[in-house]
Amino acid sequence: MMKNDSAGRFRTDIVIGSVLIVAAIIIPFVFPTRYVIGQLTIFFLWATVVSQWNLVFGVAGIFSLAQMAIFAMGGYVAGMLSLYLGWPLWISMFFGGFASVLFSVLIGFACLRLRGAYVALLTLAIAQTMYLLIITDTACFMRTGVTCRNFTGGTRGLAQFGDFGFRELLPYKYMAFGNYFIGLVVLIFAVAFSIFVIRSPIGLAFRALRDNQTCAEVRGISKFKYQLLIFSSSAFFTGLAGAVYAGHFRVMGANTLYLNLLLFLLSMLIIGGVGRVWGPILGAAALMLVDEVLKEFVNWRLAGLGLILVVFIVLLPKGLAGYIEDIFQRGRKNKATVGQDE
Amino acid sequence: MLSVSNISAGYGGRPVVRDASLEISKGSLVTIIGPNGHGKTTLLRCISGIIGVDSGSVSFDGVRIDGLRVDEVVQLGVVHIPQGDMLFPEMTVDENLLMGGYLINSDSQVDQRRGQVLDLFPKLGERKDQIANTLSGGERRMLAIGRGLMTGAKILLMDEPSLGLAPVVIEQIFESIRTLNKEGQTILLVEENVSRAINLSDHIYLLDEGQITWDGSGDELSKNDQLMEVYLGI
Amino acid sequence: MDSLTQIVASGLTVGAMYAVSTVALSLVWGALNVLNMGQGAMLAVGGYIAYTAVTAFGLPIPIAIVAAAGVGALVGAVLYFLVVKLMIGKDGFETNVIIATFGFALILENLVLRLYGAYPLRQPIGLDGGWHIGAVHVPYQNILLVLVSAVLMTVVAYALKSTRTGRAIRATAQNRGATELMGVRVSKIFLQVLMIGGGLAAISGIMLSTITTLAPTMGYDPMLKAFIICVIAGLGNIYGALIASFVLGLFEVSVQFLFGVRFGFPALLLLVISALIWKPFGVFGRRKTDRL
């Protein structure tokens, strides 16, 4: 019974995914404005981050607030490798991903054995530490002509590390398409990974852990090991997204560590629906649209965001994906009660 | 005084208590016996308001109390002394007792009542400033009961006061319970040991599979060979 | 010797400020299981209200402080009614409430931003001049802060220990169910704790703003530090939080003095992580058992 249901859901995922991919491929040709393509590229990156955050928080139950620190680590390492060692960004971006994995393993060992609220605090503190260390970086690391550069770029940010090279490769009209498709490809792999985790036995093991930790542990499922596994593997995609961000904007700054941005992405996660496969995409899309609207009311952007967050977490905790899934469940003939995402 | 009429209740949709009814008159000591896991604790929780009843009603002194908040029920004089004591682990014995006196407005009345509790349980007086989670099992039980008494309860609901205690200590506890009842305290007791229930109670209810299957006096129970065989193997 | 005096003086001042907000956080966590991420914003609100009371309304400073504390308590009440009350008892409360209070903080920050602008302001509350110990200049302001903190903390400690409500708050933190069985209306306790926490946060904010400046995001960094201190002490342990505030204040200042200001926060973090690896429930914390 359960296997059939899992297979059915997987098929649905493939269908939804395919439709979205086709749409994503077509859109830039239909709306070739720089602005739209740029915004969509950013959407892909944020959706990637949120999709991995969804695994970390929604599936593995780790309340990590260090996701942007991991993102930034990927971007900074990629940028630094390109800047200081001259590597092309195409290669250093993967090393950015690896660096993020290493970073997340460290964080994991420090934090994962602790209670939920403690994890949130510590990961937040780690992100804040990274931020502080970057913006107080004033020591001279490298001389370029007359000016002095700090190691991390300090408050001005890390720059001059090159990009993905589309300026030279593509005609002017299609220049932005390059980064767009890189972002898309990263997102596709990230979402595929998350579908794999959620629909696989690992996902099931986590649901067991979440529902009754002590029982599951008695049966030999080590919470720490599994959590570390998800935390670190998801960090690869998060870090990769960071590297693409660096390549897209051609600068990597500590502004990626701003609390407001963290909360913006957290909102995407919550509103989309925690633990749901398509939650991150829905949430990211919804919030970027809301943000477009709120740009008119730029003075109340923060409050608007805060309000949405509070409303959703208090009143609509299942998120958009959750409620949409509920509607489809009611429509289905087979009412499967086992194996559902909670 | 306390009237439970046809209540059904359970957890998560599964009924644990079905259609149970009890009457407790003022000054009496009533015991609920029955196999473990068949709803005795649940029944007490329905009376004190910790869980809600799905159907039926609970009345105290003519006032309906089902549906009220736990603290409202306590304010009416129905005091539940829970299984496992639920003491305030990091407070002293004295502070635990003072918490029992939370609802009392006058300091002198608090002192007076505390004096009465310490008369009943002198051991607690000796350990007045000791932290609660360093007490022995018997002392904890005494503190839990003493704390409940501080509220000036009109009726005490005691959930398995003998649980986890050595026989000698159990005797002391039940001696105290007997004394309280002689002084006029109404008590509803949940107890596992049938012979103790027979010795102690004015009236006994048998809760089996969530239903009241028998009630009567201790005498009647001991003369009922069939039941005695089932529950005591006699 | 002069360096030592400097470190001790600064460390105690910093510790004093942390103590007030750390105790507020610890109270709220202990009684409600809520990690109030709105604390930082409430700090800022306190500072700004005091500022307005003095500059716009010309109120004397003690009244301004009381007014700010009052507003802080009010904000705590709003937080209770609009957020906490609706969420308590539900699944995942412990983590969801963190997100909700974060959202609440954003709304507060936006309000402050709209009312006062982003440009840092100077808090007109404070003493000038100072005391000279050797070659070290210890501002009277700092001494005042330490005194205020000591008085405030003594009052809070006394209230918790010896008043009926204080006892009920401690009881709620130790065993919520049992507290109800004593006839205590626990939801009232929650409200009171959030209001007390709000008032204390406001005062902490005023204290902080007299040493630094008033800015909408001023509370974020101190809030994180206060949380870290709480975590080391064991969330919910008020006396531990008090001690840890001063110890860690001194530690932070020492590190900053020896290695540079930028290493203060990272050093704190490393210390906390090490402490937690050693004692996962905090140095003074207690293990909460899982009921199956």
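When the chains are written out, they are named A, B and C in that same order, and each has its own residue count from 1.
Note that in this section contacts are C-beta pairs under 8 Å (C-beta built on N, C-alpha and C of every residue); 3 or more make two chains touch, one makes a residue touch a chain.
As the structure is a computational prediction, the values presented were derived from the model and not from experiment.
If the chains shown are joined wherever they touch, the resulting network is a simple chain of contacts running from one end to the other without closing. When the interfaces B-C and A-C are ranked by C-beta pairs in contact, the top one is A-C. Put simply, the C-alpha centre of chain A and that of chain B have 55 angstrom between them.
Averaging Cα coordinates per chain places chain B and chain C 42 Å apart.
Centre to centre, using the average C-alpha position, chain A and chain C are separated by 32 Å.
Taken residue by residue, chain A touches two or more other chains at no position, since every residue touches fewer. Per the touch definition, chain C reaches chain B in the complex via residues 164, 167-168, 170-171, 174-175, 177-186.
Note for the complex: chain B touches chain C at residues 48, 50, 69-71, 74-75, 79-80, 82, 86-91, 95, 98-100, 102-103, 147, 151. Residues of chain A touching chain C in their complex: 63, 110-111, 113-118, 120-122, 124-126, 128-129, 132-133, 136, 212-215, 259-260, 263, 266-267, 270, 299-303, 305-310, 313-315, 317. Of all the residues in chain C, the ones that touch chain A in their complex are 29, 35, 82-83, 86-87, 90, 92, 94-96, 98-100, 102-107, 109-111, 113-114, 220-221, 224, 227-228, 231, 235, 261-262, 265-266, 269, 272-273, 276-277, 280-281, 290, 292.
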